[in-house]
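Following are the structures in question.
The same subunit A turns up in both complexes below, where it pairs with subunit B and then with subunit C.
The block that comes next holds the complex of A and B.
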């Protein structure tokens, strides 16, 4: 567990999970229907604001956003 | 050989009695969509045929035969009747694409209720205005969506039952809540289907307009006639087909063609209840050997974006026929599908109010990529002058699409809103609110909406609703919402916002406002871009001129600004 994983997981729970569904770092977010393709835009915006990065649109794919761990890997590519 | 055969021949000899006869229906007889989609298929000897193959996001699968569909819809109908729900009561389906949604829809219709499907991603405000307008008696939902309903329960004394299909037995239910588990409920073999007739209300779908609250589009059981025949002739559903309609029954495509058209034709249909990914969709087609695929331009463009390499990983040779609906299908997507799947997606044009396809491309017809196609047999459609409401005497002119009223699935009312309903008709024509032209061969070419409604990913979003939600945010003074072009979704929501004193536009405020609207209305309505500006363009009488902001987004001429304030 690292800080980034925890921050992103907590944000996803706060913003996108409506009931008491438990989330792991590998829970499928997009394919699992927790975050839909429209909401991905706000999640991307959160990551960009939080880590002061710009994620190119062609990298912000459903596959790249499909779990907290995959998102962390993507963010790390752009964090200096 | 396709079901329609020759389009030209069908046009010449068309009568809706073709569908009535195939369905053994005679005017004046009882007609109940729920019965036609389950019991009738069993009576024809297909009770053991798979009707619904459902797959969830973790790959778990459930299968239902037509006999299962019959018995489970009986069971739901019996349960609702037992709760005291009466024919004509509105029963809302607020669920993901789970089997209970499909079968519950049939159960509601069989007990005489009016099915009111709502998109499960709606926020509590979107949900409330639609339930309040319909004065809904019961809502069927999942435990994951129940908190949104609970949040507004106190404002809805008319809502007598919150039915949870997967309630956690360890947690107590609250006042007005009841659990119903379709799998473990005592099965009802024999059920007295409520005697509905051609004009009995069946389905209430909500759609957005430019102004005012969403409108409840009320359909009747006779809509089956058009939904059955368009499924058979345009989607070309055949007995051996494995059909996949990707639409969510929270919207009209998901009910007209994801439930009624599919089951009344007795085909096997597959449902994937998982978020979008190109890999997963192609895997699904390969696994279930999908032969007929009805999807949407947004999904098709997302697949294009994912590239052609991923397609090579899967055997998609089962696909024999493809069609699309939701927004105009651009010519690039048609050409791309022909290249990668060996067949084009056929565009179909219709809307919530029409209940079934109006203008479409047909199997066997010459396809002009980017065209909407031609009117379905029995549909009189043309393009009229927006000033005189008279059809143009020549081809190629852009005007309003107009359809002669009277087809079986035409909406019968906007729920409790007769005034708006009447405005949809001019000079004897029904006006869908879209602009188009017709070429010399009779093909229709879509141009755009005739109002400010935003079509994002095939779903209509009212700028008025989004603006109203924005104004409830403590930082927002004024707002104007317009469509912004988008490759995948065709249009997305963009908001121009002025802030109250003491607030400054920032990235964090931008995100906060986005999430505020998403939770209140829905992810579709969430502005994907917010621009903080000092003042909004207004007329001298103070009306916000969305037209100017829209033109700016689309790189169009701004046009007449003579009424602009401070001009």
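The block that comes next holds the complex of A and C.
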């Protein structure tokens, strides 16, 4: 599953980080102001396409998306 | 009494916190009408000071134009003071429809609907035309009023990096399964004074079958050869599906806004946009004033031409003085100081020199990008700008920032 962490981390960096902020698997993404809650939707769509899953809207909360590790945990719930 | 001492204390604490953080906004009372030369009471109670205003959105110097003032007087006499009703009950006069038709003609669109303000236009338009089956894809630096409108709409929302067309294209691909895609941008971005790449955006919207929304509040009346806006500058008139703009800046400076664009979308606003349905529209004297503004601007490009010359003079002068400005060609010219306290100090010293310009810093602009935003007007004469440049040179020298690089300024003053 390390691969998943790396894929998600790289996506977040490419998509949201515009300077040289360092990112770890536990960096707070939304509460830390790296991902604004508006832009979560592309992250959600990316995960759904990439892992061929459907994350219900009520599970795609800012808390559940707040770090790479939390996102991995969420994704794993839905990957068959 | 429900407003207990505890409650009062809670709010006092929040307000004190704002003050301590240097984020507390204070008004300055202007005792004259809006113009290049104004008389200001600041701080409250201080004697009046004559200063040159270089931070108004009075781009075309229309705010106190004698013909506009006269037209407003006449409108007041012929159509009264207020309507005491929203548009669809008994709040629409002939002049409201006349103004809508004139704006349609001026912007080269299909139809127009007035709103009490452009804030209201932006707040109402998305909810009126989009549903949960659609997606809104907005530039990350759009104006706060657009963000509010997006929040009120049930469509999915995503963003693209500021003016990054590759990123926008990725997003258009990502959301290609949606019923409608609506790309959302400002025409001129109010903090940096840069323009959206509308030619490229139209191309992408045509390729991916998306609607294009542009807020031209900081463009209408002066951007483009005849001042129609960013769509004229980029050669895409008739291709923007929704334009919103304000009458509170270049187009007279009083108040009011509109949605202008595709006939059916405008009609959807007339049927469904809540700020249109539930709030009084623009008052008759203001409508009469805006009509006069559009008449003046349609008859001659003198004012926007003068603004263009003034802007060139100002940008060149600041650059030659050794200050760092954001590149571009619009009358919004940010002088970059990077550090918030430095921006406030420079603003205060400029004021002592008789120049009224305001410092902007986080959270209005990103951390480490504090600046003085200057805004040029056709109401300025070269002598105003020379005096303002002189003040910038003097204050710049005091803080030893003339000819210094971004790096050097940050090393000395911090981010």
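Everything below uses one rule, namely that the second predicted complex is superposed on the first by the 79 of 80 C-alpha atoms of A that agree within 3 Å, B and C clash if a C-alpha of one lies under 4 Å from a C-alpha of the other, contacts with A are read in each partner's own complex, and residues count from 1 in each chain.
We adopt the following convention: a residue touches a chain if its C-beta (ideal position, glycine included) is under 8 Å from a C-beta of that chain, and two chains touch if they have at least 3 such contacts.
This structure is a prediction, so every number in the text was calculated from the model and none was measured.
By the touch criterion stated above, A:18 is placed in contact with subunit B and with subunit C alike.
Of the two partner chains placed by the overlay, only subunit B lies in contact with A:28; subunit C stays clear of it.
Once the two complexes are overlaid on the shared chain, A:45 sits against subunit B and subunit C alike.
In the superposition on chain A, contact of A:36 is made with both subunit B and subunit C. In the superposition on chain A, no contact is made by A:8 with either subunit B or subunit C. Of the two partner chains, subunit B is the only one that A:63 touches; subunit C does not reach it.
Residue contacts after overlaying the shared chain place A:74 against neither subunit B nor subunit C. Once the two structures are superposed, subunit B and subunit C can be ranked by residues of subunit A touched, with B on top. By the touch criterion defined above, A:55 reaches neither subunit B nor subunit C. Residues 18, 36, 38-39, 41-42, 45-46, 49 of subunit A are contacted both by subunit B in one complex and by subunit C in the other. On subunit C, the positions that touch subunit A within their shared complex are 140, 147, 150, 156-159, 161, 171, 174-175.
Residues 57-58, 96, 121, 143-148, 273-277, 279-280, 302, 305-306, 456-457, 507-508, 510-511, 514-515, 518, 523-524, 526, 528 of subunit B are the ones touching subunit A in the complex. On the subunit A side of its complex with subunit C, the touching residues are 18, 36, 38-39, 41-42, 45-46, 49.
Per the touch definition, subunit A reaches subunit B in the complex via residues 15, 18-19, 21, 28-39, 41-42, 45-46, 48-49, 58, 61-63, 66.
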